[in-house]
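Listed after this line are the structures, all set down as structure tokens.
Okay, so chain A shows up in both of these, paired with chain B first and chain C after.
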Partner chain A sequence: MKKGSAENVGIVIVSHSAKVAEGAADMVRQMVGQSVRLAWTGGNADGGLGTDVAGILAAIDAAWSPAGVAILVDLGGAETNSEMAVELLDETRRRKAVVCNAPIVEGAVIAATEAAGGSPLEIVKQTAEELSPQ
Partner chain B sequence: MNSPPEFGFALLTNATGLHARPSVKLTQLAKSFAASVELGLSAQGPWLDAKRPVQVMRAKANKGETLYFRASGADARQAIAALVALVDGRFGEAEETAAPTIAEGAESDD
Partner chain C sequence: MMDAGRQKHLILAVTDAIIAHAEELTALDQAIGDGDHGVNMKRGFEAVRADADNLAMKPLPDMLKALGMHLVMKVGGASGPLFGTLFMSLARDMPADPSLAEAGAALGHAIEAVKARGKSSVGQKTMLDVLAPLQAELANVDSDNVGPRFKRAAAEAAQATAPMKAIRGRASYLGDRSIGHMDPGARSVWLIADAICDALATPVPNEERP
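Moving on to the complex of A and B:
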């Protein structure tokens, strides 16, 4: 069984709230384990509710894997700032960082489950997006 | 290549049934095998892809239901044995229980 976390897609959690982001990351760790790289960021630069492009970039960097990273976001600004962060990556990384259109907590757990099985980025994203309301 | 699929089943005895955490464990285990692995709530199916966590969670199997597994591929038998052991072991907290070698009477391969 392959386990090398460096080869699995990494997961980035971006919430307006640090508590939400950290809590979602806790759930991933407890349910999926240690076999995926995982980073979270939440709140703006002043510690209030919001998101911060620099924080998102740091999280992408922390969770980076050669297989790429899947980014799970909550509301509006988290998505646009995450897209902006992706735009700021160098070209090779940019093609391997995707924002998933999925609920943040469930999406993070499911994406990590898929990633832990060694699936490529496209499949990880697709699986998280299957969660959208039926 | 076209050997008949392997089958197995196990009774869900853990309190939460096939909820989020057990579903994640089940898909992770299924994904560790090359064989295609399917899950059903009856011996006749319908069959879900046991490697797809969203499908497995949507099965919403409860305690007291029986999970049926069907697998095809080179390691299908090992996959079935491992999945049955996972369910029988109530998805035990141990992160990775190596699939125990079971000596089962399922010898016939016709």
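Moving on to the complex of A and C:
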């Protein structure tokens, strides 16, 4: 029996490209439907390629669940900006928002699949990170 | 003596330097990265410049913190959190009217914060390769000639990143091909250090006073 979506870990996708972020989100939805909260952000404040802390904070807020959110990122700036965004969260949320070291598309799909089964944040993160070479 | 006029003079000098060199920074980044450093830094420092009057009225630590937050929110790219963290963590240990030694100690702590943010260390062809020698200069103050020495140290340290091989950031994808180009983040620190020295050495123009 799956838990309701509001109780599952949420998924945030942060890419340098809005198209990549949206496309990855489409693939997540195809896999898990509406059973997890999902938000994506891509591009810089001017609409070009890049990442934007304000956009990441808004996506974290949109995907927020009491179980926390797992954040999937592409290249370095997405990771650094996501870590910065997590530090800007209030203390309760900060402990429940994690950046996963995983490929963005595969990581988002597998993390969401794990989250849809009701797994806690650390298991969702761990499952996504098993995709990365150690 | 640090007051609102001097602080605004510093903000204008630093933001003007970055904005004026945005194309050069972009060209450096195009050589070994994704080519967005100049336009990103310009976006962030324009936001700082637009808020210069408000920032300058704050005590120095509060000003640095607010300035860093502008960079975090506006720069985008990895430079936003990295330069934002630099200024925000400088704020943590900076007295309102610091001695050079106190500024050096604050810079030391800020360097540690930048290392943690970028998961990087000195010698990897980054902004740290200019920040660390500058901190050493401040820790070793023994003459009245600090400004020129500081400026020379910044220039030499930034230029010394050219023969380095990038270990962190997008430039590291190029491996040995990153050798021979100055690091754009190092150039930005050089520009900022130069502007700070010039602004501390010149009187505050009346028309700049907030």
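By our rule, the second predicted complex is superposed on the first by the 131 of 134 C-alpha atoms of A that agree within 3 Å, B and C clash if a C-alpha of one lies under 4 Å from a C-alpha of the other, contacts with A are read in each partner's own complex, and residues count from 1 in each chain.
Here is the rule we use: a residue touches a chain if its C-beta (ideal position, glycine included) is under 8 Å from a C-beta of that chain, and two chains touch if they have at least 3 such contacts.
Since this is a predicted model, take the numbers as computed values, not measurements.
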Room on chain A for both chain B and chain C (clash or fit): fit
Chain B versus chain C as contact partner of A:Gly117, first or second or both or neither: first
Angle at chain A between chain B and chain C, C-alpha centres, nearest 10 degrees: 150
First, second, both or neither for A:Ala18, with chain B first and chain C second: neither
Which of chain B and chain C A:Leu89 touches, first, second, both or neither: neither
Touched partner set for A:Val109, first chain B, second chain C, both or neither: first
Contacts of A:Asn81 with chain B and chain C, given as first, second, both or neither: second
Touching partner for A:Asp46 - first (chain B), second (chain C), both, neither: second
Superposition-derived minimum Cα distance between chain C and chain B (Å): 27
Sites on chain C touched by chain A in the complex: 34, 36, 39-40, 43, 72-74, 76-82, 84-85, 117-118, 168-170
Contacting residues of chain A [partner chain B, same complex]: 1, 30-33, 109-110, 113-114, 116-119, 127, 130-131
Contact footprint of chain C on chain A as seen in their complex: 44-46, 48-54, 75-77, 80-81, 83-84, 88
Residues of chain B touching chain A in the complex: 20-21, 24, 27-28, 31-32, 51-54, 95-96
